[in-house]
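In the two assemblies presented below, chain A is common to both, partnered first by chain B and then by chain C.
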Partner chain A sequence: MAVVKERRASMAERKPSFIGKESPMIIPHLAGMEDPLPEKTPEEVDVVIVGTGLIQSILAAALSWQGSHVLHIDKNEYYGDTTPTLTIEQLTQWVRNVNKGLIPFYTNAQIYVSSDKIGKNYASRDFGIDLVPKVLFAQSDMLTLLVKSRVYQYMEFMPLSNFHTFENDSFEKLTNTKQEIFTDQTIPLMTKRNLMRFLKFVLNWENYPEIWEGYSNKSMAEFLSEKFKLNQTQSSELIFSIGLCYNNDVATPQCLQRIRRYLASFDIYGAFPVLFSKYGSAGEISQGFCRSAAVGGATYKLNTALESYDPTTKIVKFSDGSKVHVSERVVVSPTQTPDPKSKNIPKQNYKIHRLVVAIEKDCKQWFGEQESATVVVFPPGSLNGENFEAVQAIIFGSNSEICPQGTNLWYLTSVEKGENGKRLLDLALKTMLKSISRESIEVDDNVVKFDNKTGSPVINEKYLKEELNELVEPKILMKCYFEQYTSTCPFSIAQPEIFKTQKKDTTDDTTNGNKDNGVIYSPMPSSEISYDGAITAAKVLYETIVGSDDDFFDVDFEDEDITTTNNNRMSYSESAITDDEGEEDDIIMKN
Partner chain B sequence: MLQYKLVLLGDSSVGKSSIVQRFVKDSFDEQRESTIGAAFLSQTIKIKSPNKDNDQENDEDIAIKFEIWDTAGQERYRSLAPMYYRNANAAVVVYDVTAKDSLNKAITWVDELKSKVDDEKKLVISLVGNKIDLISSTNDINESANSPGRQVDLLDAENFAKEHNLLFHEVSAKTGKGVRDVFYEIATLLYKQKLEDDALNKKDTNENEDRSINVALSRPSTNDPTSCCS
Partner chain C sequence: MHGIKRKNFTQELIKQKKLKDQAKIKYYRELNNQLLIAYKTNHKYDLESFKLTSIILDLNPELNVAWNFRRKIILNYFLQNTDSNVAFDWNQELNFTMLQLKRYPKVYWIWNHRTWCLRYVNDIQMWQNELHLVDKMLAVDARNFHGWTYRRYVVSQLKKNEPSNSDLLNETEFDYTTVKINKDISNFSAWHQRASLFPGKLSQLQGYSAKLELIKNEISYLTNAIFTDAEDQSVWIYLKWFITDATIVGILQTGEGGDGYLNVLKQFEDSIQIINNDEIEFSGKDNNWCLKILIVIQTIFFDKLQVEKGGRTDDRRIMLEKLVEVDPLRKNRYLYLLK
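What follows is the complex of A and B.
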């Protein structure tokens, strides 16, 4: 890939006082005692990072623990930049700012807030709304890094086992374990056998190129139908709910990798493939890595914007009038550029439609037992035959602590091209609202109880009345729609080239006038529903700065709690989104 | 064992970390245990059960584990994340008795804290004036030459604490004076609060049907779904 710079000094070489003599473990920077902190902004740092989004936060932590002195700023009063967790008030302000053109790469932001509920029955800060909601696969590079970096200790996680597919006008709960496939009466015997055969294959798919190689450039649906005789319903579930793909054109190897991600994650922490963090998704993890970076020695400054960077003098100027000399690089979020019109900013060619809705309704019937979230997928064509791309929805209940009791947050995402995205998300929302009102009468056990002695059904009138009332569609407390642009095409990682574009400009003074010459732009969030791809992007940035990613989070905190089982389990490639090199290796491998 | 989250607050260089280090080191019998990590410092102390029917039999020790979160410098530009305050049970708000304005700044931290936590009534806050070694050792020529001596009146701080229902101590992280008391007092109060809560909640313990499960990421496990959850 890039020209390999000379490897720079590691943490241990640069700050020998950090390392205990008798053991190689690293203890945190205990600010204040041995090394009083300076009062002012440091005058000299190695790296300035502008924007506290997920990828930048991982980068900041990785660089800090490697020994670089990082100054990490954000123009907002909150952490997260493109991936924050916001209160309703903050979200409203954010929408306003998007519409004023103050936040590049977002358009068409709209928000409705129920004035008779929010601020009365519920407080704005009872809600923690993520601009980028995500789930965490139990076997993934993000989970491994959360454990290794100890960032997980700042957070709480809950399981998510229920995946629903909307098909033929109804929501089907996914049949995803061998056991469920065996016991499911609705699946014909022949199909069962085919499904089992496929599940066995997919766990080691790279080892059987003779099966899939002919389909490298063909669609997964074709592959499933021809090689495994699976019908449309089965293959649709596999591709869109288990694989969480967007459309029918996804190439077979990519889809196989994504299906395996799901299956390999099963049973690692229990009978569920994914987890989610309480109190917020990407916004929460961003905060966690920022704290980790701070413990590693990074300096944090919110409410501070980048004014300019001069690549010749290496001086960075900030909105509060302060300045700093940078010895290495300046990394900037496209949303916090000092010059939104600059040609240095990578093109953000892909559009993501996002809709988030707060609903006054319990959606427990969609959740697994003792759980508080679910994923609902609308495969291509399922919305009146109009959607070319799948609509993915994550639903969180109040135990996720991002919304008050009796309410739910629904996040819907689509990468539909053209202008149809908003309408399709609304259609999906309407479908779900209708379904939840209908289901609440069909499903609730409280309505009909069985008499203990006689065994005859007894109708609980109180409940029946309540349930009938609920047939009225649940109240919408808040609804927010926006479009976000990204340079990362669906299913891909951020292209490394985008991090390199600006360097040549630094010698070319004729293009001057740009306030951002010489900076590296970090990528905007992708449309990916999991955290896959974020660490890869942070690693590419890290390598661009340090010269190699060999010591990316090369820290070893002592901890009696962490067992090694986690590492032993990593027999598969950890992320469904890997960089190109890795993927080729996988494909070439033969048995 | 009872576990509580304790956060430190106060301006830079008032000695927040020193207080914790003193507390943790002193109680660790020299030998540093493996609880130091990137996340926070953990320290377990034992307090006497403040039992009502008192005396003899019931003086068993209660183990209280503090999970102590340091600001890691993020307070310097008022850039503490919501994560920092979340679910805090106790806070130690520190000022420097030799820095004139530092009590006022501590007061703004108390306000900030109260605005950020969900249930401010339950939060135990201790206001702590640090660096009393710099004023008590005026006979030491070197120290007194560099030190401005006491700049924050003991009574002012005490009154403020009383008014706002805060615990209050003056300590020296350097000599260790008073440090232990800060944490033991908090532990005792938290324990008392817990007993009161327990008494209140006794009636409706069954209403916990909606308990959700958390997953412990450090403990992956197969086949036994109960062992991984707490």
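What follows is the complex of A and C.
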């Protein structure tokens, strides 16, 4: 496997362990982040985790803080496994490896890199591309855990408040707050009333079963139209852009829960429902938890693959010839299995189509004020009536630090069944490109000049031609498509039964000599756009290993004194979360 | 911060905290005694006493006696003294209250002291600065009524200083309430401010049609608001004021062959009926604010305007009986009104 030399600065490099001169070293250097390998593998550990993806990293940190000795390895030279943040060069190599069949559960990977731009105007490592892009709800178990585990201190967050729905050939910005409903001149009076009533209801929906119970098995669209008299456009915004559902078949209670998630997240840290992490999504959070695990005592080894596990002797063998005795369990990412054909790997029945595109264009008009990201949703049927599932897109600008100035990263996801997924993503991409080019013409002063004498507009033909050319062919710097498989069906969490079946294997099936008998396979990333479900999956794994999840991240950081808190606050002043804490600190210190 | 467990204090920490607090309490009591002796017994108006008030007000801005003492010192010591070394720095004094307000935006005595100081530093630029200050205070907390009261005071002073600017100020202040209400429809302070500005804005306009247009715009703004949130009392209270304000009623009554006012009332009645019927359809219950305002409207119809009942029914008793049910907290008032 060719080694990619250039990589992005790791989290540990961006935020070194030493903060200021006086403060003590609170974050030990991560073996593997700064140096590729620890000096030697320990001889005896409690748990071996193979693959440094999001769920495994949360698990590693939880186990380490609970007191288990964890050896966390990854066959790649980078962190993240199924959820890494990659440079363009690393992504190209990854695509090659998928096509060589080296990475199971990914298919049809394709990449285009503009050779006259990448490596010239932009460096490969200017881009940090996530295989699993995600947004973080302000009220969610992930955010609570990031705070509780203090992993948020390694990171920086930015708000995201603009959600767009593509409907009737245009991108509508959501009207989702009382303020917007009140001031919007286009919404009829009765509709304002209905919308507001629904928004109030949904915040406490479980308390009003008389309203929704009759719709438990009916579609949400039916519920919204019959109970709240909302029309198709409004219900589609609620279901697909606020609820971020994929299709109309989602049951009413489940959809209500998803809509509430959005609304309850509003105004927790400010007038926005979600945040995103700078420098990368799931890749960044994975790294954060790995770092936390290392502080808790886990040992890290990159460039190391699992060779085999013998459940009788409890010996794990690695590709570098080393071995370790495991007292508890071995957790393996399906992508890093020693035997891709093994029947022990849970069936990965659900396909996710992903398209990521780097474009040379500033899409500021789509972002909220001072923001650098937006979510765009194509409800079912909105792409020439062809898509049965919604296409979800997250667009990041350069302030997210995952792409250089003047460029954007667009992530598009679909769970469309069958072979239509790629075409639909391309269609959605084309629609967005057309829209952004059209909007650019409207705002570009060079195209329309005003005649000095008459004051009437004169179109500058030269500029218009250039703009129209761009409209036909906007500059795409990089475009990558792939399909990923997962055992987690859309909107569900990893099924605990998967792990239970494997547990049975450990006792019954030790004789046939499979290399992976007795290991627990962790789930592949789900299609969920937020982090919901990841912690539940990690908890289920944790419970399988420890016996209960009572002490999952039951950590007390009593050691931390005011000095370090202050320092952290100053270093991370850009983060929406630390700012908030800072304010309260001031109040406490004053009294 | 949200989502973080509050630190559990160990017994040792609690003990330490109590010990620390005890020292603080002792210190504060000593200062308090010193202050009272200097003020009430010795009438000691000097620099030392002034410093003492600064220290104690920093600890407790609610202690109005200290503010009183401070003002006496300013009047009887600083302003009496011709020695330039003790010339009083009003800016510094304003700064002192400013810092206090930042920490304690809801203490009456600080606002009071600031107003007192400004009487001595009366110049137009200063009042402009005050308007900026109160802008900032209301940006932090748009529903701080101290801020709104102060804002009205500042605006009145600006008008006094520059009467020619009065109309423009009314205009910008009215727009300011629109901005604040658009941000938060439940901001009663902003609605109240709007009510105090609206008649002035009306009288500024020349000609009947211009006045009528302003009223019509306000009607549509209000209608928009009651449809957006019929549970919010701020809007209903403003509406009640709006349909009974003498200036507005006077203008309406001269239009449409004398029926202008009646027609506006009918228009509101229809909108409120729609909202209430919708509420009954959804929840099976009447909206109590709808009922209350409908009663107000009918009272104007039948008692004030002596409208011919032909075709119209007086539903006030029925509505009061409904209110007894849907608004049990004010049950006895409705029962009294029914008598």
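In the analysis below, the second predicted complex is superposed on the first by the 481 of 591 C-alpha atoms of A that agree within 3 Å, B and C clash if a C-alpha of one lies under 4 Å from a C-alpha of the other, contacts with A are read in each partner's own complex, and residues count from 1 in each chain.
Quick note on the criterion: contacts are C-beta pairs under 8 Å (C-beta built on N, C-alpha and C of every residue); 3 or more make two chains touch, one makes a residue touch a chain.
Note that the coordinates shown come from a computational prediction; the quantities given were computed from them, not determined experimentally.
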More chain A residues in contact - chain B or chain C: B
Touching partner for A:Ile535 - first (chain B), second (chain C), both, neither: neither
Contacts of A:Lys148 with chain B and chain C, given as first, second, both or neither: second
Chain B versus chain C as contact partner of A:Tyr300, first or second or both or neither: first
Touching partner for A:Lys192 - first (chain B), second (chain C), both, neither: second
Partner chain in contact with A:Thr183 - chain B first, chain C second, else both or neither: second
Touched partner set for A:Ile268, first chain B, second chain C, both or neither: both
Touching both chain B and chain C, residues of chain A: 143, 147, 268-269, 558
Chain A to chain C touching residues, read off their complex: 143-144, 147-148, 178-179, 181-183, 189-190, 192-193, 196-197, 268-269, 558, 577, 580-581, 584, 590
Chain B - residues contacting chain A, complex: 12-13, 15-18, 21, 34, 36-40, 70-74, 76-79, 81-84, 86, 210-215, 217-223, 225, 228-229
Contacting residues of chain C [partner chain A, same complex]: 1-5, 7, 103, 182-185, 223-225, 227-230, 271, 274-275, 278, 282
Chain A residues within the chain B interface of the complex: 26-33, 36-37, 39, 78-79, 85, 138, 143, 146-147, 149-159, 267-271, 275, 278-279, 284, 287-288, 290-292, 294-296, 299-304, 370-372, 399, 555, 557-563, 565-566, 569
